[in-house]
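These notes open a run of structures that come right after.
Below are two complexes that have chain A in common, paired first with chain B and then with chain C.
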Partner chain A sequence: MKSYALKPFLKYISRKFIFLLVTYFIAITIVFILPRAIPGNPLSTLLRQIFQQGQANPELIRSVHKTLMEEFGLGKPWYEQYIDFVTRAFRGDFGTSISSYPKKTLELIIPVMPWTLMLLIPSIITAWIIGNTLGAIAGYKRGSFTDRFTLNFSLIVSQIPYYWLGMLLIFTLSVKLHIFPGQGGYSQGTIPTFTLKFILDMLYHYILPFLSIVISALGGWAIGTRVLVIYELDADYVNFGELLGLKEKTVFRYIFRNSILPQVTGLALSLGGALGGALITEIIFNYPGTGYLLFRALSTLDYPLIQGIFIILIGSIYLANFFVDFLYALIDPRIRLGQSEGS
Partner chain B sequence: MNRPVLQIENARAYYIVENNYVRAIDDISIVIREGEVVGIVGESGSGKTTLSNVMLMNIKRPLSLIDGKVKLYSNGNVIELNKLSREELQKNIWGKETSIIPQSAMNALMPTKKIKDSILDVMKTHFEEIHEKEIIEKVQARFEEVGISKDVIFRYPFELSGGMKQRAVIAIATLLNPRFLIADEPTSALDVSTQKMVLKTIQDLREKEIVKSIAFITHDIATVRQIAETLVVMYAGKIVEISSIEDIIKEPLHPYTRGLLFSVVTPEPEVKKRGIYYIPGTPPNLMYPPPGCRFHPRCEYKLDICDKEEPKLKDVNGRKVACFLY
Partner chain C sequence: MWLAMFKPLFKSKKFLISILIFIFIVLLGLVGPILYPVDPTSYAGPFERPPSREFPLGTDTYGGDLLAKVLNGTKTSLYIGFLTAVISMSIGIIIGPISAIKGGVVDEILMSFTNIVLTIPNILLAILIATYLKVRSAEVIAFLLGALGWPWFARAVRSQLLSLINREYVKLSRMAGYNDLRLAFEDLIPGIATYAFMSFILFINGGILGEAGLSLIGLGPTKGVSLGLVLQWAVLMEAVRRGIWWWFVPPGVIIVALTSSLLMITTAMDEVFNPRLREK
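Take a look at the complex of A and B:
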């Protein structure tokens, strides 16, 4: 039985992996084209900054320009630049930052990545679990007080803009009541270390941005799952199961398992979408993540840094999707085994 | 006459829709006896499926049992199902005493679980302690009895063909040897050769005394005559005729039964001669059923009394018919 189930599964996963590589290639191509389609030259921005700082020596400027042209490879024909860029992108090298020259973009991105991942992955998953459970209970008890309460609560919560909720949380719990700190990933003046004191301090700062994402996301999940569950309530297997005497608990488990499937795809999309959303959350909370770094890169027109962040964000969204596909194949046998039916 | 297994007395079951009633089952009484296969026929919308829900007391909103009794005879005891709560029915009756082969067996199995696991869930509901290996052996034996490979239980429902799925559903529905089984249009989604196989399987259930009696619900008289002895003809929430199947085929009494019988298309020469027949008109809206006999607007033999008084079921030569012609 084992090999029977395993082979299509491996095939499914390897197919997904090839697809992942192809889409990653397309994505870095777009990331290559887009900045070059914007009128203007990132170097002139940098050179103008040098001008404005009063260093108007033409000799110096010419040599700086020459170094930068070489450094960023802008003198080469576009196809060489492209091949350069793609090969370097697959090796994980995204060039040098302009605003923080001569630091490599990766040196800037990698230290902030854990902060964003730490903020987003737990909060999105928490919202997903709480929201889906609430929605499933409401849908299963359709028309009851629990249902009406959950639906109204979810509708209100899901319509609150997350950035406004973030500001509201800062205003009430931080500025007025002084319960939680309103900004930063940790107390100012401390250095990130692996001590209990620092971790507790970090968690303390973590609560508000975490809450702002969880609360604003769970309503949408609850509403969606409620509808999916209601659709499923009249399914033939539910009626048959009930008339065989299945316990309510078991029937609920069946319904939950089947109606949650589309929401797993939704989870992948939201892991991707929320990375963009975290930009504003991180700005509001002054949180040292990739979103905040991107905000800085955008405001200084640091194209290599913007490119680098985008490629990494795209890459992580793909990985999330890949992981969810993998999960999907685990929880839905129709996907896993269906692959072998055609052949 | 054999002992009764299930008895319905003057049942009225209405769907409550916006302060109005849809009279899907209106004053129906039926007795189903041990060893009997009762066919229940009628057009779509005649209340057949509602009747099957009433028989099991599977009453969910908006359906409501307004009046009447549903009695199950179990080892000399009479259980009034209409007095039990849903939890009690689920715990003590459904799956054990009664069971159903549902209308759409195609989707009746939990789609994301192996059949074995769905079966174990049912067993865990009814028994506090289960021995997995023992149960699987028993289940596999039952699967072979209904004519499918015992390995099917290790598969997922979507890996089975329609006929296999239907028979797997039959095997699962009868695992605990229920006294009374409802087969609700079990063959309507199958091709003709598979239909025959499924009918044979259902016949075997009774011959091997896996179940005591069967209510076979269908719109297709041609199917039901192969399996049932008694036929109950329903029209618009009422019973219009109860008879043995031979009598009905030989001489249908109620005009509706006649129409239903003549609409059967068979390859026999007389059918070709008389052409394709259908009953003119459509079944009435059961929110506002016509006065008197509910069939009178479509009836070729309508009398003056038909739209004024409601015909009661009466005995005609040992048969029962609700029509003023007799």
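Take a look at the complex of A and C:
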């Protein structure tokens, strides 16, 4: 019995895994091709600029130039450059930063990643839970005041970019009312440590960026789930359950569970956009995460750092995608029990 | 016939309110710059003045007139949104039907391609491509956003067409010897017209919000003014923490009013045209 049920599950998961691996490979390839394919070749322009600035500290500039030449392998044929690039990327070597020479880009990215993950994951999950619950209640009580209010509220809120809500929150709750700190991940002058005092300080700084993402992200989920629930209301089992005289709560629970399934896959697909929004929100809040690092890299044209950040971010999104697909396979009985979707 | 079809729409209060807001903002962008002919790129005014008679939306750090910037920015943002939608829609309306009608290997190849583009986080990719472009016109931004935004639409069109293809009338047309093109245009595409129209609106929203996002990260249009660029300068000049609300509130309000009124138009249409959502 068990082995019978395991097979379709493994098949589903391995297909997803292969698909993501291929997509990741394509993403890396795009990162490789872009700077070389765009007219004017930004890489060689950058190298020339660095070489021309050589007066200030000729020794340093020359060594930056040499490292970059080696890492980008500009003298070599393209396929050698490509193989080199991919093997480095899979080893986690994304080259040397220009603006923070001679640090490796990975050394710069690793310390900021936890900040972004800590901001993004809890806020996205909170928004998902609140949004879906609100939407399900609204859909179940369709036509009521609760429904109309939730729908209109969600429609507007879903269109507020995280970062603009962040600006409004900083302006009102921090600048005007002085309730919350309006910038940074912790108080200036403190050093990150594992003490209660620091953690509380960090949480205090966490509230506003967290709220910006949760509030703007929940609208979209509410709208989607509301429609899914309304569709579900027509299903035979709902009519049957009501006829049997099941408690409203019990029927709602069934409807909720069935309509939430597509939203699990939706969560995987929305991660990219959510990450993009969170990166900008970090910039608004001067939050010490990946967004802030990317912003610095962009303003100094530190291409190796930009590339490194991208490969890591895209990789993390694919990992998260895979995790969500895995969860989906676990909770969807059709995949778990190996029925084909049509039957 | 068309009139009869759209009549119930005008009974929807939600539809009426949202279309009025939308028209108002479009007028702001199209007629505003003519009625208020101040050069949005001139820096002649006093610095950081709050709204007054002379400067209805105040001025920024360089003495730029913010009303002129917001009006012209609205125009650019609308243009970028519209162009993005045209590009995404064209790609989706080609790939979706071909995939559905041809089926087989063509379908498989097109759908794998679609799924790959769908899975690559498009905002990140747009940021990466924009990084390498020295000159970014409004068209380039729209092209970037449009070329990456279509996959969900192509997939939805394909699956909707697949359910249409098995209907009797399509089978009859096939028997009557319609070729694929005629089949697509006469039998299938009219069946998804409302859906396509609603998707077009969502694509406009994607373009407007995408432009704002790219601009805030420093990769917006390199010339002209857009709502995103106004916001970007407000952030760079620390307008939020220095309490210069008239710099960052109006462009954001316009973005949110514009995109949410468009979204409300689509939901109102959905409630009218989609029998499963119609209130009983």
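The definition used in the following text is that the second predicted complex is superposed on the first by the 303 of 343 C-alpha atoms of A that agree within 3 Å, B and C clash if a C-alpha of one lies under 4 Å from a C-alpha of the other, contacts with A are read in each partner's own complex, and residues count from 1 in each chain.
Assume a residue touches a chain if its C-beta (ideal position, glycine included) is under 8 Å from a C-beta of that chain, and two chains touch if they have at least 3 such contacts.
Just so you know, these numbers come straight off a predicted model, no measurement behind them.
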item	value
Partners on chain A (chain B, chain C) - clash or fit	fit
Chain B versus chain C as contact partner of A:I314, first or second or both or neither	second
Touched partner set for A:T23, first chain B, second chain C, both or neither	second
Partner chain(s) touched by A:A235 [first = chain B, second = chain C, both, neither]	first
Contacts of A:V31 with chain B and chain C, given as first, second, both or neither	second
Which of chain B and chain C A:I170 touches, first, second, both or neither	second
After the two structures are overlaid on chain A, angle v-u-w for chain B, chain A, chain C in degrees (C-alpha centres, nearest 10)	70
Contacts of A:F149 with chain B and chain C, given as first, second, both or neither	neither
Touched partner set for A:R334, first chain B, second chain C, both or neither	first
Chain B or chain C, by number of chain A residues touched	C
Contacts of A:F90 with chain B and chain C, given as first, second, both or neither	neither
Closest approach of chain C to chain B (Cα atoms, Å)	5
Complex contact set, residues of chain A against chain C	19-20, 22-23, 26-27, 30-31, 34-35, 38, 40, 42, 142-143, 151-152, 155-156, 158-161, 163-164, 167-168, 170-171, 174-176, 182-183, 223, 227, 230-231, 234, 269, 271-273, 275-277, 279-280, 283-284, 294-295, 298-299, 303, 306, 310, 313-314, 317-318, 321
Contact set on chain C toward chain A in their complex	14, 115-116, 118-125, 127-129, 131-134, 205, 209, 212-213, 216-219, 231, 234-235, 240-241, 243, 245, 248-249, 252, 255-256, 259-260, 263-264, 267, 270, 276-277, 279
Of chain A, residues touching chain B in the complex	1, 235-237, 239-248, 250, 254, 257-258, 261, 331-334, 337-338
Contacting residues of chain B [partner chain A, same complex]	56, 58, 87, 90-91, 93-96, 98-100, 102-114, 118, 121-122, 124-126, 154, 156, 158-159, 169, 172-173
